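The structures considered in this document are given below.
You will see two complexes here that share chain A, one where it goes with chain B and one where it goes with chain C.
Then we have the complex of A and B:
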């Protein structure tokens, strides 16, 4: 580190004056603090008749013909919006075909119809194929087209129960043989299965009813006190 | 042209200009695209001839084997809505049935023998908002001219005669009352289930010294004589359900094309609201379909 002479150091400020004029100008212009707007340079056009192989190597967003906007088609009308409850629709159509008048449904609608079958009644059912069955109605299940009821009887001292579908096409007629003496305070009379409460056979009541009906039919030609539907 | 041109420098000026240019260009390597095998397949010197039998491991032979069990026409996508009971009009018996509903089922595209190796109809059902869909899938639907679909499934068909035109909507009357279908869907997931539930194992004794092992499997295999290992495929505890299950030969009891409802006899796997694919049963004679429904000249002929 050689120290320059003190005289030379003082003269050092004139060094810039000794530089060529052109260089000085360039420096000033470079240090200018004004900023001029320069538009963003546009990408140059691709040469016409460019081979396809070259074109495919260019990124898609830089390709001359950008991709077309996709056309999205509207959805068609849906059956699931017009028919939201498909199972209900099937059930409803069943109900309409099996019970067009709504008579059979009303016969078991014990909540709304006061003249309907009620638990404790003795009911006789005849079938299209098979023997008729009579018994005490123990319970009624209201399930629309699946409505069913449970009958209990004793055949040769053996308790017999039978669930009958109220709207089944096999059920020809349902008639009330004898109404219960007073309203039962249970919806399901399963206690009647106990020996203490068992009603026993209803054979006698039904034969009496049938004989009476036969006699009435002989005189009047019309049905007895039971409702035949 | 002379190959040793560079060695003959004194001759250079008298060469025509064009020939020099071509030499230089020939040395520039041309760019090639794609993957090229170093050992391209060569034509076999053997087994060449017209009356040779079709090899068993070829796609042609595979299609020939499947031709008896591939349906002639496509099936459809349906939603399982629930179960109910119907009274059979003939016997008067009540039969359990499943209610299925179609939701905007349209043909999206085809798979063809020439391009994909097999014939199939790609169907879509439902609707999905375009903003929730990838652009590639959106382009697929856009090219077919159908709305964006939520569910897309393929249905294999025997030949080109079963390929419905793209964009055609399939309604419930595609199936007839009384015909049989196969229904495939995902069964309800049961989670991680033990061997008693999953495979019906008997479990172990309640007592007689059994402790904490009442529902577990017994031995998982033989000892030294059997190799002292657990054989592959041993039934053990694991994930149960949530797998595709096919229920075959379901009779169609009712068709309501207005509401898009199809009612089949019996149960279909899966929870309510799941997607079910139904197609003509492969173990029954093909249904008699009017030739107008099939776009081909050859009507559907029943085969066993």
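Then we have the complex of A and C:
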């Protein structure tokens, strides 16, 4: 049964050879026409001498001077041209209202101010409403008026952490109780959450500090608001 | 973020030490400080009965189902002024159906958020607020 197919194929070849010559020529010529370059037809000029009665027969978009001119309005003034750095401006204005002296900002600016709060320091914060909170400073977020710091302490053997906004109007004072003995080599002391590195409670250090402060005040005799820095 | 199967410390003297949350009440989400939950007592505190010479018996037993109020959570809580507070453990206080604490004393710090949810009885029992 495999015999007839090769024969058929040969026959097919013959058939293509036996095609009339005229048909083959026609195909070639058709191909050549498609590849030929024809320049794009240019639109003709509008006839200058045209009776007005014919104008109505021409489509409106082709009639001379028929198109109504659209009025183009200038775009509204962009906000970026009037205020280049909007976030920066808000930040600046907030800083001026929340911290007019720039004292509090400098207290946490650990990149520039060498006397600022550093991570690892023991910090005590008093609030306008609520009890004061003291703890080890684990991290400082410098974000302009949104600057905040993380304090960690152990109250009745339970670790408590608090993020405090440095420039919050609720924060009455921030005091450095004790500076870290050595500069910490990390910017964020999150490892101090592990029981192995946990400092435990800082209440003793804070009470000692408060007692000393009280003593200093007694010698000086009510000198303003103590060691508010 | 307290939900089904969360294990909490019980910080009152009701006799429970560790409880497991089985339901969060009046909420379709995870519970936080001040929320009421249903718990099962998993571990009893045994020193309460010994230490007081048997006068204060454990008010709850292992396997009891009780209501509780969450007083501390690990998940940080945002305060209205932008500051946030978190604790190192999850803790609760057992209450009865009417909302009064079962225990008479508490040891440990609790979150001040309880005041917003009108749990003043628990706040007055607590030795420390944060």
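Simple rule for what comes next: the second predicted complex is superposed on the first by the 141 of 229 C-alpha atoms of A that agree within 3 Å, B and C clash if a C-alpha of one lies under 4 Å from a C-alpha of the other, contacts with A are read in each partner's own complex, and residues count from 1 in each chain.
In this section, a contact is a pair of C-beta atoms (placed from the backbone, for glycine too) under 8 Å apart; a residue touches a chain by one contact, two chains touch by 3 or more.
This is a predicted model, so every value here is computed, not measured.
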{"item": "Partner chain(s) touched by A:98 [first = chain B, second = chain C, both, neither]", "value": "first"}
{"item": "Which of chain B and chain C A:90 touches, first, second, both or neither", "value": "first"}
{"item": "Which of chain B and chain C A:75 touches, first, second, both or neither", "value": "first"}
{"item": "Touching partner for A:36 - first (chain B), second (chain C), both, neither", "value": "neither"}
{"item": "Partner chain in contact with A:156 - chain B first, chain C second, else both or neither", "value": "second"}
{"item": "Touched partner set for A:165, first chain B, second chain C, both or neither", "value": "both"}
{"item": "Chain B versus chain C as contact partner of A:130, first or second or both or neither", "value": "second"}
{"item": "Larger contact residue set on chain A - chain B or chain C", "value": "B"}
{"item": "Overlap of the chain B and chain C footprints on chain A, listed as residue numbers", "value": "146, 165, 168, 170"}
{"item": "Complex contact set, residues of chain A against chain B", "value": "53, 70-80, 82-83, 86-87, 89-91, 93-94, 98, 128-129, 145-146, 165, 167-170"}
{"item": "Parts of chain A lying in touch with chain C, wherever the complex brings them together", "value": "130-131, 133, 146, 148, 155-165, 168, 170, 193"}
{"item": "Chain A contact footprint on chain B (complex, rising order)", "value": "31, 33, 79, 81-87, 89, 92-94, 99-104, 106, 127, 130, 135, 138-139, 141-142, 145-148, 169, 254, 256, 258-261, 263"}
{"item": "Parts of chain C lying in touch with chain A, wherever the complex brings them together", "value": "72, 76, 81-89, 91, 107-109, 112, 127-130"}
